[in-house]
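The structures considered in this document are given below.
Across the two complexes that follow, chain A remains constant while its partner is chain B and subsequently chain C.
After this line comes the complex of A and B, so read on.
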């Protein structure tokens, strides 16, 4: 889980960052395209209008020429259709001029030059009006007027203005075309760079994602392997534990049986000890009674708890025991201290009533390892003595 | 360029689906029978119930013929052929006395001849020579010059450069009333003092 969490944390930030980058690039590209589209529409309208202006300018000249020709034809032939045609041609020229002036509304130099054309056109119309009015006066009058006509100069002037206008507009078109071309190139670069960057970013993002997936797959596989190994180890350990438990149970059973056997043996031993006629005492190194057999209780007439923890000298005396004082039995103490047996030592045994009996004692030290921890005193009864110095022989009962 | 339509091409016909074309052919046949006899200027002028739609119906079987000048009405009606300005200017001529507020609009598109339509305020649309043979004979649109020009250009699937509103003075003479360029600000209505073409009266 920790591995997964860390992995998630690791990939989240770069992926989010890359996504934002892609979005940012997309926004930049969209905005650039929008700007270009708007600019392109505007350019298209401007180019169309510029071409229309050139076309209108050309139409001014051609209509003017047509009007001039038709009027001259009318003056020669007197055909009213020529006169009407001329009038319409001039009307057309005026219409084209009007439109051209509207189109140069925001370009004062060109607008002013077209105003000059308008005045020249007006001048031409006035001349023709004058000429037409002179028709009834005869051909000579008309001819005289025609001689004063400045048609060539006026037409040349109009043509010059129109040509200058066309050259100017063509220059603008060229400039605009260059600008448009550069803009298109720039947009191409922007879009190309943006697309490449986006592809790179997306590619890197895909790499991260696939890398992450691969890492996760490996981690999952490693986890599965580890789980399998762990499971195997657990199975092995469980098997070992089962075996150990079985062994332990066997051992416990064996121990139990052993303890039971020991207990039986102890009981038998106690029974044996209790069943023998000799008095048996177990004493500590300090010559205090630790245990007694039944023969001791029978002889002394005391209970076990009265004797246990009391000194051996309470019921036993060793005659002529040098250094015996305060209930100590130096011979026994020495034997126990030295760890040697004390055999066939004459002693006097005393019961509750103070009756003493002659006895013979044997002391066998008890060892725990090398250390003497106490001793077993075995007393064989002889003749019984009176409580205060008299003697009698008696046998102890077991 | 379709021979039956004024302007660049017969767009409405081309754009129609087969089922639409069959319906159009039936309608054309019906209207063709109805308009077999050539209508005269007198009939149009004297028809008190003349509406823009009815007017368009009279011209359903007219053929397109490009003319440099505006034809005389009788010639136009008798020959049953003409172009957009003949149709629009005649509409202006006969519908105005019937109480309709008409306006003549000439729309210029790149690479095409100027296209003239007659806008009728009451109908909120214009009469177009390219749209005479269908059920809907009036193209609905806004009344600004810009809106009309945009609608006309759209019917040609083209851009427009300028639109001129004019009045017809007779004998092929026109008087411009307003001019709007596509590049003008949207709120510009194109109305400004115009040179008086009445001066061209030699």
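After this line comes the complex of A and C, so read on.
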């Protein structure tokens, strides 16, 4: 999760920055296109107007020439149609001049030069009117007027002014064409550069996105691998734990079984010993009682804890046993020391009340390996004696 | 299919341990404590193998086994007892009456292995 989060943080900022860059470039291109479009529209209007001005200027000259030609034709032929044509031609020239002057309203030098044309044209119109009025007076009157007329000079002057106007306008057109070309080139460069930059930016963005996707794919694969390995490890560990638990459960059962078998054997052995009617004692090498069977307890009337760890001589005496005065039983001690059986030895057995019974004892050494660690004393009862020296026979078995 | 094991022993601890161990190994175990219950169980669900103690309150294991064998002569019987016989007695007497004699000091693992072995032999037969 941490890796994913960091990756997301890493790609977000560059992508947002690049998107903003693309948007900025798009805005710059749009604004440039808008400016160029507006400029083109303005240029187109201006060019149209300029061409119209040139056309009007040409029309002035051609109308003037037509008027002059028709006037001369009228003077020669006297045909009224030529006079009407001449008057109309001068009217056309005046009309074209008015349009041209209106078009050059914002250009004072050209406007002034056309004012000069206007005065010359007015002069030509006045000559026409004078000539038409003088015609009824005869050809001499007309000839006199024509001698004083400066038609060629005026026409030439008008032609010069118009030509200068046309040259000027053509120059402006050329300049405007050049400017338009440069502007178009500049726009082309701007748009081209913008498009290239946008393509580069988009390409870089694509690279970042694909790189990010690739990184994430690898991270996902690595995560999947790690998960699979972890799952495998967990399964292995679980399997090991299950096996260990099973083994442990088996061992516990086995242990319980062993304990139970041991306890059963001990109980069974104890049961056998306790079921024996003879008195059985287990004694240490020092002739102290370690264990007794039920027959001993029944005969002596004592509890086990009263007898265990006490000397055998407390309940048993061996008549004529040398050295028995200090409470020991030398015959038993010697048998145990020598590791030999002591069989059919007459003895006296005493209970809690002090009653004594004749008995016969047998001693068998207990061996632990090659060492004698104690002995088993088995006592068979004979006749019972009174506490104060009397005796009686008993057949009772415990 | 699971094998049915009949455990006959008057000691509850023995019955419990054998039931737990054999159930864990996949056997279906019925554990009874007397000859009377054993006869009823044999009648209701004939076992595939019997594990029987020797000394019980109402009968002795060998007599009970002979009685069951009359009904189920082919069923293998393990005599599992705390009475430890000498090898000669086992060979000459005990093994003529039962399929296998095991004393209770035998490890539980060996008891289970013996059950596996006898069940496999019984199936193969």
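In this section, the second predicted complex is superposed on the first by the 253 of 398 C-alpha atoms of A that agree within 3 Å, B and C clash if a C-alpha of one lies under 4 Å from a C-alpha of the other, contacts with A are read in each partner's own complex, and residues count from 1 in each chain.
Just so it is clear, a residue touches a chain if its C-beta (ideal position, glycine included) is under 8 Å from a C-beta of that chain, and two chains touch if they have at least 3 such contacts.
On a predicted model such as this, the values are computed, not experimentally measured, just so you know.
In the overlay built on the shared chain, the residue A:170 is in contact with neither chain B nor chain C. Once the two structures are superposed, chain B and chain C can be ranked by residues of chain A touched, with B on top.
By the document's definition of touching, neither partner reaches A:286: not chain B, not chain C. Contact with chain C, but none with chain B, is seen for A:249 once the two complexes are overlaid on the shared chain.
By the document's definition of touching, of the two partners only chain B reaches A:44; chain C does not. Looking at the shared chain after the overlay, A:268 reaches chain C, while chain B stays out of its contact range. Legend: residue contacts after superposition of the two complexes on their common chain; A:206 is shown touching neither chain B nor chain C.
Chain B contributes residues 69, 108, 110, 159, 161-162, 164, 171-174, 176, 179, 181-183, 190, 194-195, 197, 199-202 to its touches with chain A in the complex.
Listing the residues of chain C that touch chain A in their complex gives 11, 13-14, 17, 20-21, 24, 82-83, 104-109, 111. Touching chain C in their complex are the following residues of chain A: 249-250, 253-254, 256-258, 260-262, 264-265, 268. For chain A in complex with chain B, the residues that touch the partner chain are 44-46, 48-49, 51-52, 71, 83-88, 90-91, 94-95, 98-99, 102-103, 105, 118, 122, 125, 128-129, 131-132.
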